[in-house]
Amino acid sequence: MSSRDHTELANPFDRSSVSRRWWLLGAIVTIGLLPLVFQDSYWRTNLIVCALNVMLAIGLDFILGYAGQLNLGHSAFYGIGAYVSTLVITKLGLPFWVAFLCGIVLAGAAGMALSMFAVRLRGHYLAIASLGFAVIVHQVLVNWISLTQGPLGIYGIKPPPEIALPGLPVISFGNSANMFYLVAGFALLFYVLLDQLVRSPIGETLTAIREDEVSASSLGINCPAWKVFAFGAGSAVAGAAGAFYASSVGTLVPDAFIITESFTILAMVIVGGMGTLIGPVWGAILLTVLPEVLRGFGDLRLVLYGAALTLVVLFMPGGIVQAAQIVRAQFDRLRARLEAG
Amino acid sequence: MSTVLLQQGINGVVLGSLYVLVALGLTLIYGVLVQINFAHADVVTIGAFAAYFFTFTFGGNYLASIAVALLVGAILGWLVNAAIFAPLRERGSELLPLIATIGVSVLLQNVMLLWFGPIPYAFDSPYSNQVIRLWGGTFITGQNLIIIVVSTLTIALLYAFMKFTFMGKALRAVAQDRETAGLMGINPNHLIMLTFVIASALAGMGGAMLGPILVLTPFAGTTVIVKAFAIVIIGGFGNVEGTIIAGLLVGLIESYTTQFVNPGLIDIVVFTLLLMMLAFRPTGLIAEKREENV
Amino acid sequence: MKTRSAIFCLGMVAILGMFAVANPAHAQDKLIKIGGLFPMSGPGAYFGAQDKQGIELAIEQFNKAGVNGYKLEVKFEDSACSPLPATQAAKRLLEQYKPLVVVGEECSDATLAVMPVMEQAKVPLLNAGSSSIKITDPGNPWTFRIMPNEVMQGVDIATHAYKRLNARTAVLLYENTNAGIGNAKVFGDTFKALGGQILADIGFGRDVNDFTSIATRITGLGKVDVIPTYTLEGQGLRITQALAQAGVTKGGGGQSIQLGTIWLPFGFEQKAGKASLGYVRIVQFDPTDKREVVQDFIRTFKAKYNQDPTHINAHAFDQILLIADVVRRGATDAQSVRDIMAGTKNFSGVTGSVEFDKTNQNIKMDTIHYMETLPDLSWKALGWN
Amino acid sequence: MSDDISGRVAGQADGRRNSDKVLFRSKSLNKSFGGVHAVRDISLNIPHGGVFAIIGPNGAGKSTLLNLMSGLYQPDSGTMSLDGVDLVGLKAHRRVRLGLARTFQKIRLFKHLPVLDNVIAGFHIHHDIPAWQYVLQGTAFRRDYARCRHEARKLLSFVGLEERAKARAGSLAYGEQRMLELARALATSPRLLVVDEPAAGLNAAEVEKLLDRITQLRAGGMTVVIVEHNMDLVMKVADRVLVMDYGQYLFEGAPAEAQVDPGVVAAYLGA
C-alpha cells in the first residue's frame, strides 16, 4: 500500500473535457447498438435491468462514495419511486410523466428526510439507521394493503405512453428496445448530471465532508446541508429507477425492495470502485450480467457471488477501477521497457 | 386478561434473552473494533445446525449440544476475524469490513443451502414441548426456561470476566481507548481475536438455543440479525448493559405488539423506536459522554 | 500485494473459463422440451427443491418407454419466487431453450408476472402451486392451473367449518404473503357471510420466530372454535406447537381446531407430534389413496429419494403426468399442447383428476380431501367432498 | 476575582481608546466538560492586525478556548463577537464566512486527497457563480475553476509545497502537512487566522519557516492568533500574549512583560 501513497494520483477515467465528449459519444453509440446486437427479449430485459442498476449504483455512489454517507437502505428509495409513480397513475389518474416526476421527488424527499433525521449520525449509526429505514419502508409497503395492495401485488402496470412526434414513426415503449433506450437514456442523463456535479466544486465539497467533517466545517462548509443534498440527489435517482422498474417489469410487490436489494446495489458500487462514478457503472453491469451468465451454475451462483464480493474487498478494494489502474500501470511499464530496449 | 398480559411479559423476556445473546456479540465486536459484523447472523445459524446434527445425527445430549455450538461458534469467530477483519484492519475503513462480511454472509448462507437444503429442519429439544405451569395460569416451556437460565448465566459470567479478570479489564480498556491497551502490555491483536471468539461463541450458543424455536433453515439467523442491530443501537453501540436492557425491551415490544396491534407491525414499531432513539438520544439508552479531541 | 492481485486475476479467469463449459447445446430429435420455472435460491428454494424431485422422477419414468415416440426433457431456471427474476428466467428459457410448455412458478407474484411473457411467446404455462385467484380470473388462454385456487379452497373449507364443525368463531392466522392474505380473506368473507364471527385477524411476516405471543393472544379471545392457518411447514410447525402449549387447541387440551389448506406436507403431524391432534386440513395428496397411480408414485419416489413424497413433490409429478398425457393425445408443438391441454377431461393424476374450465382452472374438487389428525398422528378421512 | 480580571482586560482595551480596533472580543466565556471547567471566565480583545498569542501549560484550556472561538464548541455562558458580529450560537461554518479560519492541533487534512485538492476545498465559500453553472459548466464555471487552481497553486508555493501538488496529502512529511493545513486555511481568505500549536512536531528549520510565513501574513494585514504552549517560540512573533492556566486568565500584555510576570513564571515552572 505504502508504495502507492507516494506515487502521483492518476485516475484512468479522469480525462479532459474534450475526450469526455468522445466518451459520451461512445456511450450513446453503444446504447444505440446494444438492442440491435441483443435481439431476444431475454437479453433486452437484462439490458433494461442493467440500466436500472446503473442508476441505482451511481445514485448510491454519490451518497456513499462522494459524500461518505454509509447508506444501507438504498432499496427503500427504489421502492418509494416504484410505488409512488405507480400509485399516482392508478389512484390519481395522472399521466405517466407526472407520476415519474412524483416518484423522483418523493424518493428524493425521503432521502433528504432520512438524512436530516440522521444528520448528527455518522458512520455505523447512519448505516443502521438507513437499514432500519429500509425495513420500515418495506414493512409499510407490506402492511398498508389498502394503498399498496401489500404482498398481493400490483399487476399489469403499463409501460410509459407512446410518443408520437409529427413526421416520425410512433415510439411505443411496449417494445423492449425502445424501453431500453428510454431507461438507458435516463441513466446516461443522470450519469452526466452527477458527473458534472462531482467535477464541480460540489464534488470537492462532498469529498471534503467524506474525508473529515470537522475540517470541512472549518473551511466554511455547511456539512449537514450538503449531506442532505447528496442524500436527496442520490435517492432521487433511485426513485427514477424505481419508476422505470415498475413500468418495465409491470408488476410490483414489496419483496422486490427488501434490504438484500440494498446489499446488491452496495456490492455493485464496491465491485465497480467506490468514489468514482464510472466504477459503479461497470459494477452494475457486471453484477447484473454475471448472475445471468452464472445461471448454468445453478445453486453455486450465489456462492460465487458472495465469494466474489468478499474477495474484491480483500484484494481489490478499489474495485474494477483499481484493477484498470493496475493493468494500465503494467501496460505503461511494459511499453516503457519496450521503448527503452 | 391480566393472565394474558403477564404471559406476554414472560414471552417477551424469553425472546429478549435470545436477542441479547445475539446482540451482545455484536456489541462486543463493535466496542473493541468499531466494526459491524453481518456474518454474525450466519454464526447463529451454523450454531443451530451444529446443535441439530449433534443431537439428531450423532445422538448427543441436547444440553451438550449447546456447548458444541459454542465451540463451533468460537472457531467460526476465529476464522472470520483471521480471514476478514485482521487483513482489513490496517486500511482503517468503516465500510470495507462491513461489506466483506455481507459477502461472507451471502457465501455462508448459500453454502448452507447447498449442504442442508431449503426445507426447514424440525429441531425440537427434549424440553420444547414440556410445559411448566407458573403462577396465575401462566406457563413457560422447558426450552424457554433453559434459554432464560443459560442466557442469564452466560451474561453473568461475561460480566464477571469483564469486571474481574485481567483480560476482561484489558478488553474494556481497548473498547474505551485503543492506545491504553498497548500501555497495559497486551497485544491488541490478541484482544481483538479474543473478542471475536467470545462474541461468536455467544452467537453459536444462541443458535443452539434458538434452533428449537426458530424455523431452522439456512436463513434462520438473518431473521434475528437485523433486530439485533437495532438492539445494539438502542442500547448504545459497544455498551453491554445498554444492550441487555434494549434486548429485553425489544422482546417485550414484540410480544405486546402482537397482543395489542399485529405481529406484522413488529418491525415497524421496533425500527421506528430505533430511529427515534437515534434522533433524540444517539448515544443509546445508557449515555457515555465522549469528548472529541481536536 | 502483487501476488494477491495475481491470485485474484487467476480466480477471475477461472470463473470466466467455467462459463464456457456451463452452457452445453441442446439439440435432439423427437423431444418434448419442458421448461421448469421454480425458485432455486433464497428461502423460496423450499419449493423448487421439491418440485425438481417430482419432475425428475416423472421424466425418468416416461423416458424409459417414451411417449408417442417422444422423449421428455426438462430444463430448470431459477425464478427466485419474485416477479423480475421470474420474468427474466422465463424469457431466458423461452429464448434459449425454446420449450413447448413451461411448468411453474410456485409463488403467485412470480406466476402472475410470468403469464404475460408466456402469452406473448405463445407457450403454455402449467401451474400447480400458486393459489391466487388472479391467475385464472379473468384468466389467460396460455396459463393452466391444476390445483384449486384460493377461492375454491377457502369457500369450501369455511362452509364445512360452519356447517359440519358447527364453528361460529374463528381466528385467522396467516403469513403476510400474496397467498396467505388471499386465502385468509376468502375464508373470512365466507365465514362471516354464513354468520360466523372473526375474532382476530393476525398476519405475520415470514421472519417471525416466536409464536407463543400469538398463541397467548388467542387465549385471551374467549371461545375460539376454529383457527384457519395459512403458512408453510416451518412456521406452521411452530404455530401448532405454540397453540398446543398455550392450551388453545385440542393437542394442548383446549377446544379450538386448527384448519388448514394444502400448505403443509405429508409428515407434518409426525414432526409436530401430539400438538397436531385434531388438526383438520385439506390435503391434495393423500398417500393413503389406494389408486394405483398414487401408490406407484409413492413407491418409486421412496426408491429414488429414500424419503416420503410431499404434496409439492406430487403436484410437480402431476404436471409432467399431464403433459405426457397431452403428448400422448397428439400434441407436438406449443399451440397443440395448449389446445389439447385445454380440452383435458377425466385426467387422473396423483393429486386427483383434472378438467379445465374456460379460464383454464381445474374444476375437479376431488383433489380436495379433508383429513383429521388422530391421537396416533394418523389421518382420518372426513369424506366431506 | 472575575470582576477584577474583566476589569483589567477591559481597561487595557480602553487604554487603546479605540474599540473599533478590536477584531475579536469575548466576555466571560465559560465551558465545562462533565466536572472539568476547561475555560473559566475568559474575556479577551484581539486587536486588528498583528499576532496575538494564547499561551499556557498543557491542559490550560487553550484548545478549548480556540474551539469556542471557531465554533466547534458552544460556550456555556459568555459572549463573543467578530468585528461586532455576535458569534454565540453561530455554527463553525458560518464563522468562516465572517472571516475566521483555523488549523488543528492534531493535523486534520483530507489525507486521501491530493495536496492541491486540499487547498481547493478551502475555496468553498468563494465560488461566486450561479448554481446552474455547476451542471452546465459554461464560461463562468471554467473561469472560476481556473481561478481556484491558480490561487491554490499560489498558496502552495507560499508554503513551499508547489512541487507536491499532486501527491496524496497523507503521504506528506509531518512538517509539510502542517504547512498544507495552513495553506488550506488561508484559502478561505480569513481576516482572523487561528493556528493551533503550529510548531508541535516540527524541527527547528521548519519552525523557522513557519514563523517567517506568519510574519509575512501579518505584514499583509492579517490578524493571526497562535495557540502555543511553548513560550519561547511565540516571543519572536507575537505582538501580544494571553497566558492561561487551569482554564483561567493569568496575564495579558506584551511578550516581554509576560516573561517576567511572577504568576506566569510560577505556572510554567510549576508545570
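Quick notes on this structure:
So that you can tell them apart, the chains are marked A, B, C and D in the order they are listed, and the count of residues begins at 1 in each.
To be clear about the criterion, a residue touches a chain if its C-beta (ideal position, glycine included) is under 8 Å from a C-beta of that chain, and two chains touch if they have at least 3 such contacts.
All values derive from a computational prediction rather than experimental measurement.
Under the touch definition stated at the top, subunit B and subunit D share these contacting partners: A. Of all chains shown, A has the CA centroid lying nearest to the centroid of every protein CA atom.
Farthest from subunit B in terms of Cα centroid separation is D. Note: centroid distance subunit A to subunit B, computed from Cα atoms, is 33 Å. With centres defined as mean CA coordinates, subunit C is found 35 Å away from subunit B. Distance from the subunit C centre to the subunit D centre is 72 Å, each centre being the mean of its Cα atoms. Here the spacing of subunit A and subunit D, counted between their Cα centres, is 42 Å.
Multi-chain contact residues of subunit B, defined as those touching 2 or more other chains: 110, 113, 262, 264, 267, 294.
Among the residues of subunit C, those touching two or more other chains are numbered 41, 176, 205. In subunit D, the residues touching two or more other chains are 72, 104, 108. On the side of subunit B, the complex with subunit A involves touching residues 30, 34, 36, 84, 87-88, 90-91, 93-100, 102-111, 113-114, 226, 229-230, 232-233, 237, 262, 264-265, 267-268, 271-272, 274-275, 278-279, 282, 292, 294.
Taken together, the subunit C residues at the contact with subunit A in this complex read 1, 4-5, 7-8, 11, 15, 18-19, 22-23, 40-41, 76-78, 82-84, 87-89, 91-92, 94-96, 108-109, 112-113, 116-117, 132, 134, 176-178, 180-182, 205.
Against subunit A, the residues of subunit D that register as touching in their complex are 70-72, 91-94, 96-97, 101-102, 104, 108-114, 117, 120-125, 127, 133-137, 141, 144, 148, 166-168, 170-171, 184-185, 187-188. Contact residues of subunit A toward subunit D in the complex are 5-6, 8-9, 17, 193, 196-197, 199-202, 204-205, 207-208, 211-212, 214-223.
Subunit A makes touch with subunit C in their complex at residues 1, 40-43, 45-46, 49, 139, 142-143, 145, 150-153, 155-156, 245, 249-253, 255-256, 292-299, 301-302, 304, 308, 311-312, 315-316, 323, 326.
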